[in-house]
Each structure stands twice: as structure tokens, then as C-alpha cells.
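Just passing along the structure, written as C-alpha cells.
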Amino acid sequence: MTELNLTYEAAFEELSQIAKEIETESVSVDVLAEKVKRAAELVSFCQSKLKATETEVGKIISQMEQKTGEG
Amino acid sequence: MTELNLTYEAAFEELSQIAKEIETESVSVDVLAEKVKRAAELVSFCQSKLKATETEVGKIISQMEQKTGEG
Amino acid sequence: MTELNLTYEAAFEELSQIAKEIETESVSVDVLAEKVKRAAELVSFCQSKLKATETEVGKIISQMEQKTGEG
Amino acid sequence: MTELNLTYEAAFEELSQIAKEIETESVSVDVLAEKVKRAAELVSFCQSKLKATETEVGKIISQMEQKTGEG
Amino acid sequence: MTELNLTYEAAFEELSQIAKEIETESVSVDVLAEKVKRAAELVSFCQSKLKATETEVGKIISQMEQKTGEG
Amino acid sequence: MTELNLTYEAAFEELSQIAKEIETESVSVDVLAEKVKRAAELVSFCQSKLKATETEVGKIISQMEQKTGEG
Amino acid sequence: MEASNRYPVATPGSIRLSELSARVSRAIEEAFSYTSFWVIADVTNHTYKSQKDYHYFELVEKAEGTSVLLAKFSGSAWGTGSQKIAEFEKATGQRFTGGLNVLVKVTVKYQAAYGLQLTLQDIDINFTLGVLEQQRQATLLRLVRDNPEHIRIEDGRLKTSNQGLVLNRVIQRIAVISSSTSAGFQDFQHTLENNGWGYRFSVDPYFALIQGDHNAGQLVDKIVAVYQSGVAYDALVIIRGGGAQTDFLIFDHYAIARAIARFPIPVITGIGHQKNETLTDLAAHTATKTPTKAAEFIIAHNRGFEQELLQLQKNMVIKSQQLLSAENRKLSMIRTSLVNNTRSMITGHKDALVRNNQITINTTKSILYRHRTGLNNLYSKLSIQPKGMLYKHQAELSIICRNLKTFSNLYSKSQENKLSHYASLIKLMSPENILSKGFAIVKAKGKIRGNADGINLGEEITVILAKQQLVATVTSKENHDGTEFNI
């Protein structure tokens, strides 16, 4: 699944595409399970990537605020 | 019966066609039994395919919900 | 009589034709008995065919219901 | 008289012809008796033929009804 | 980070650019952390540069006022 | 800096220019301290020149140059 | 008279001069005593005895545009006349002297010893002022006319090149034209040196005689000398050193006004004039009333510069601090927006993910549900429709069966009817039936006859009845109309 070079951008794009297809019911039952599975993978990937980013950004921001507090 | 390459899509399409023919009585008594038999097969095929999809999707979705709940 | 290749469709068609001839008295007395006899045969053929179809369809449907009940 | 190959059709036809002639008095007293005699024969022929047919048809129909009743 | 030749001007410009990108969400999640980190560095750089300038200007002004007081 | 041939005219011109730049905030933080320092020198130069005889002016200027050399 | 004794008694036809003088004196006295005259004349040969406060002069009238004398009187002034002259000089700034055109009130007096003399009683100040003003205006017009590049009139004011010069920021190197003895120069120097701000000046004096029309050339020379010194003066100051109130007519001199108007260094005057400004003042860059005022002007100018410097410095200090605090604010704003926007961006992405997830989950469920429903619908159609169809066919068959029976019967009945109709007809028409009703068949010569043609009287005929047959002979033959049976 999670390809080595997959970016959040690309993953989110693909996820949105799948969500749209499913929303407009332009997905056939034959591939529905497959699509949902892919969507789940992408959600999982995006969430972990987002979580990592959030953690890192949070760290940087708290350092920044500490500094400003001092200054 | 259940051809190897039959898709849910195609099966459902054929089934709808038969149902329509029977509904409009454009089917002769000579082939009625045969048609009903085919329809039964198609229903069976579609149901099993749907069931399989449901099961799989259900599994994926429950995993997804669990994750989202966590996240 | 009951030809091998006779279809319900054709039989019914012929039967209707005979009934109409008798109704319009366009049949001579010479062949009336013969015609009626043919009609009787056709009725018999159609009925048996109808019965057979009914039985078969019934069987298929009950099987289907069994399956659906299970499903 | 009762020719072997006489059909109800032909007999009825001849009878009608004679009746017409007698009615329009285009027959002389000379041949009247003769014609009347022939007509009487034809009526007799037709009646017996009709009766026979009626009987046969009745038989076939009652058989048919029996079958349909059964069916 | 703090390049040797970085000016306050250039740093502030870059910082504004990053802030704008993040505001308009034209930055992808993939590089968000990186961008925020760079922004934090630039903020830090600008603050220290500003502080230094403030101190120096303050010094000059107090000297100036001393002189003017004398004159 | 303080050139030997600096006139009131030129000093005032330069001073006005600096004041205007600072006022219109077209001076970057990078050079603000430097500009303010230069302005202070120019004011100082004009004041001492106003209060000195011609022979003394040379002395003032050489003193100023010495300071700048140190600074 | 004692003097007359020195001359012998007049020869006949002559009288003594004194007698003539007495007669003239008498005539003049008769004509002019107690009468005074306002006359316009030019003053010439003026002398002034200051000890006695006596003015001696001549009044002349010349033909216009020439020097041809039309009239000439000796004149003198003392007492009231001298006092009036002093007033005149003070008021006009014009010395009572040769070349002056005046309106004077005179009395005519004849003295035997001095001859005919006019005694000045009063002098019209306004007339002379008018004349002076006319001269001034003429000079002014000439200045404008002859120096269009440097002098012109704008809005009724004189505009000169010198006025167009911009004063240096600081006036520190100063050339001063003054008379060496003047107290004005001392005042000027003193004021400059004792200024309250410690400003230092470099003053180069150019002394000259500054009085009387005739010194105009010298003054112009001094102005030129200032220029030729090559020193980069910030200003040329021209001051008049107190003294006589009548000195300043020189400053209305054409050459001086012209030189100042064209002078390349700004000229500041401190001439001190109570009435209207001199042409020099008008031509100069800046005119002040006194030398002290001129010095004060220079100090104020320098002070203005220093204050401007300090103001600039003050503004700069304020602005620098404002700039720095604005920069601080900008930085903190950008930091805040950075933090907030980053957080909101992450939140937005989280929401988007959840949204996509929800859409996928919910819609997938609804897709499956919809398919199941569709399948069920099809299935129920399939399980119901065939039965109905078969039942309909069955019904049709039954109808056909019933029809077969019904119509076969109807058909037989109809045939039976037809046959029985024919049977009745035949029965009706059979000869037995007809004969039994009273009809008879007539045979003649072995043939059945329908009429009597060919049957002769006496011929034997056979009459056939229903049960019997009669043989008869014809006895009569008649026609009958036969209407008897016509129904």
C-alpha cells in the first residue's frame, strides 16, 4: 500500500477523488470494496502524516512562543 | 451458469432486462421457465457478490471508524 | 398429432385461428369435427405445456426463496 | 342416390339450388315431382351427416371439458 | 540557518512570503513543518536583529541628547 | 565620513534626506542604526561649525574623523 | 545821508543813485510789502552759515530743457525761514542745496545796499516730496526699463535678481559696507558678537563715505570690490551709520540700486529710514530698519537653521523609535498569524480527512443498501410476475375451450335450421300436397298441360286428382280472366 514516494498532497488528492466517485455513486459494486480499501489506506496514511506534521509544528511553535516570552 | 468473467454490473443489467421482459409479458411461455431460471441464477450471483462486498466493506469501515475514533 | 417442434406460441396461434373460424362459421360441416378435434388436441398441448412451465417456474422460485431465506 | 362421394357441402349446395328453383317456380310441374324427390333425399343426407358431426363434436368437447376440468 | 549575508529586509520578506503561503494554504502538508521551522528561524533572526538595532539607536540617541543638553 | 569639504548646505541636505527616509520608513532596519548615527554626526558637525571660527572648523572635522575611525 | 555827500550834486537831468534806490524802494514797498508769494524755482549757489543759521542762495528759473535763465533772484533764509528749511530737510531727507527744485514762500524786499532780494518764509515739504518721489519713480522706471534681466515690477513691487538669490543655510562670512566712523557699524558688530547662541561670524568691513549724491560712485566701487575680493561671502550687509538724517538720498541713486539688484550675493540693508523705503532697500534681498536689526536678522537666520537641524534630529529620533516599534509589531503580528494559520491549516486538513472518511463510509453503506433494495425489487417481480402470466394464459385457454363448445353448437343449430327450412319448402311444393288441396293435373295426349292450347273440343283428357284419376272429353272451351285466385 503506502508507496514509498507517496506525498500527503497526492494521497489527499486520490482520497478526494475516491470520495467523490463514491458520493456520486459512479463506482460499481465490483470495485467498491477495492476503492473503499484504498480510501481507508489513504486516510490512514494522511492521518499519520498529519499527526507527524502537527507534532513537529507544535514543537517549533512552542519553542517560538517561549523565545518571544523571554524576549 | 455463473460465468467466470461475469461482473455484478453486467449481471444486474441482465437481470433488470429479464425482469422488464417478464413485466411487459414480452417473453413467450416457451422460454419463460428458462428466463426465470437465468434470472434466479443472476439474483443468486448478485446477492453473493453483494454479500461479499458488504462483508469486506464492513470490515474495512469498522477498522476505519476505530482509527478515526482513536485519531 | 403433437408434433415434435410445436411451440406453445404456435399452438396457441392455431387454436385461436380455429376458434375464430368456427365462430364465423367459415368452416364447413364436413371438416368441423376434424377441426374441433385439432382444437382439442391443441388445447391439451397448451395446457400441458403451461402446466409444465408452471411447475418448473414454481420449483425455481421456491428454490430461490429458500436461498433468499437463508441469505 | 346417396352417392359415395357426396359431401355435406355439395349436398347443401344442390339443395339450396333446388329450393331456389322451386321457390321461383322456374320448375315445371313435369319435373317438380322429380326435384322434390331429389331435394328430399338431399335433406335427409344432410341431416344425417349433421347429426353424425354433432355427435362426434359433442363427444370431443365433452372429452376436452373433462380434461380441462381435470386440469 | 542564519546565513551570513542575510539582511533583516530579506529575512522579513521571506518570512512574509511564508506567512502568506500558509495563510492562503498554498503550502502542502508535506512541507508545512519545514516551512514553519524556517519561519521560526527567520522570526528569531529578525527579533535579534531588531533588538540589536534598538540598543544601538538607543545609545546614539542618549549621546545625542546629552550633547544637545550641553549645547 | 565627515568630508573636509562638507558644507552646511550639504550636511543639511543629507540630514533631511535621512530624516525623510526614516519618516517614510523607506529605511530598512538593517541600516537604521547606521543612518541615525550619521544623522547625529551631521547635527553635531553643523552645531560645532556654527559656533567655531574658520580656523577652528578644521580641528572639529579632524576630531570627528578620528571618532569615526574609532567607531 | 552821509555817503551821498561824497558825490557832487547831480547835474541837471540826473539823480543820485540813492535817490533812485529810495524811489525803487518806495515803489517796491508799495507793490510788495505785506505780500508774500509761493514760487517754484531751482536753488543754486547755496551756502549755509551754521553759526548764524543763515542760508544764502539764488532762485532761478530756466527755460525748459535748456540752461537759459529766464529769471534769477538772490535769496536768503534765517529765523523762521531757516527753521522751516531744517524741518524740510528732516521730513524729506533732502538737503536744501543747489539743484533742488522747490516751492517756497517768499517776500520781496529791496535793500538799497544789497539790491532786490527774496526772503524765504516757508518751504513746501510736500512739493519737494512730490518732486523727490517723481525723481524716485523716474529712477525706478529707468531701473526697470534698462535692466529687464535683473529688475522688474511684480504686483506693484520691485523684483530683483538679488531677491531671487537664496540665502545660504548659515550666514557666517559677511561683507559690510559702512562708513568707518559710523556708530551703526559698531552696533552691527556688537550685536553679532554678543549673540546668545555662541555663533561665530567672520566680518569683512568695506568702508566708504556714505552721504551725498556725489559719493554714489564710491559706494558702487565698494560693492564691486566686495565682488572682486573673491571671498565666498554669505551676505553683503549695507549699513548707514546714524548721523545726519539727510544722508540717505544716496540710496535712491540709480547706480547703487542697479548694482545691488544685480549683485550675486544676497544683500541685507540696515539703512534706517523712517519714511518709505529707499530704492536700495527695494532692490536688496532683505531690508531691515537698522544695523542692529540687520545683525539680529542674521542671527535669527542661523538660529532658524540650528532649530531646523534640532527639529530634524528630534523627528528622526521619534520616527526611528516608531519605526522600530512598528517593526516589532509587524513581526509579532506575522508570528501570531503564522501560528494561528498553521494550526487552522492542520485543523482544516483534519476536518477534510474526516469529511472524506465520512462520505466514503456513509455513501458506501447507502450504495450497498440501494443495490440490495434494487435486487430485492427485481427478485419480487420475478417471483410474482410469471405466475400471473401463466394464469392469464390459462384463462385464455379456458375461454377458447368454452367458445369452441358454444360456437360448435350454434353452428349445428344454424345448419339444422337451414335444413328444416328446406324440408318444409319441399314438403309444401310436393305434388301430393298440392293435389290434396283441390288442384288437379290435366294431361292431354299423354302430356301434362298448363294451358288449353292444342286441346280441341271432343278430345279426351285425363284429370288427375289426389287419390283418383278421371278420364273426360272436352265439351266446351272458353276463356276466363283468372282473377278469381288473384290474392
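Letters A, B, C, D, E, F and G name the chains as they come in the text, with residue numbers starting at 1 for each one.
The working rule: a residue touches a chain if its C-beta (ideal position, glycine included) is under 8 Å from a C-beta of that chain, and two chains touch if they have at least 3 such contacts.
None of the values given here were measured: they were computed from a predicted structure.
Enquirer: If I superpose subunit C onto subunit D using their CA atoms, what angle of rotation comes out, to the nearest 5 degrees?
Expert: To bring subunit C onto subunit D, one rotates by 20 degrees.
Enquirer: Under the over-half criterion for shared residue numbers, do copies subunit A and subunit B use the same patch or different patches to meet?
Expert: Mostly different residues form this interface, as fewer than half of the numbers used are common to both chains.
Enquirer: How many angstrom lie between the CA centroids of subunit B and subunit C, rounded to a whole number?
Expert: Each chain reduced to its C-alpha mean, subunit B and subunit C end up 34 Å apart.
Enquirer: Roughly how far is subunit A from subunit C, centre to centre by C-alpha average, rounded to an integer in Å?
Expert: 67
Enquirer: Rounded to a whole Å, what is the gap between the Cα centroids of subunit C and subunit F?
Expert: Distance between chain centres, rounded to whole Å: 123 Å.
Enquirer: Nearest whole angstrom, what separates the Cα centre of subunit E from the Cα centre of subunit G?
Expert: 43
Enquirer: Residues of subunit G that contact two or more other chains, please.
Expert: Subunit G, residues with two or more chain partners: 310, 313, 317, 320, 324, 327, 335, 342, 346, 349, 357, 360, 364, 368, 371, 379, 382, 386, 390, 393, 397, 401, 404, 408, 415.
Enquirer: Residues of subunit F that contact two or more other chains, please.
Expert: Touching at least two other chains: 29, 32, 36, 40, 43, 47.
Enquirer: Sort out which chains touch which and give me every pair.
Expert: After working through each pair, the chains in contact turn out to be A-B, A-E, A-G, B-C, B-G, C-D, C-G, D-G, E-F, E-G, F-G.
Enquirer: What residues on subunit D touch subunit C, complex-wise?
Expert: Residue positions touching the partner: 7-9, 12, 49-50, 53, 56-57, 60-61, 63-64, 67-68, 71.
Enquirer: Would you tell me which residues of subunit D are touching subunit G in their complex?
Expert: 12, 15-16, 18-19, 22-23, 28-30, 32-33, 36, 39-40, 42-43, 46-47, 50, 53-54, 57, 61, 64-65, 68
Enquirer: Can you name the residues of subunit E that touch subunit A in the complex?
Expert: Result: residues 28-30, 32-33, 36-37, 40, 43-44, 47, 51 of subunit E touch subunit A.
Enquirer: Please output the residues of subunit G touching subunit C within their complex, sorted ascending.
Expert: Those in contact with subunit C are residues 379, 382-383, 386-387, 390, 393-394, 396-397, 400-401, 403-404, 407-408, 411, 414-415.
Enquirer: Tell me, which parts of subunit G touch subunit B in their complex?
Expert: Answer in residue numbers: 354, 357, 360-361, 364-365, 368, 371-372, 374-375, 378-379, 381-382, 385-386, 389-390, 392-393.
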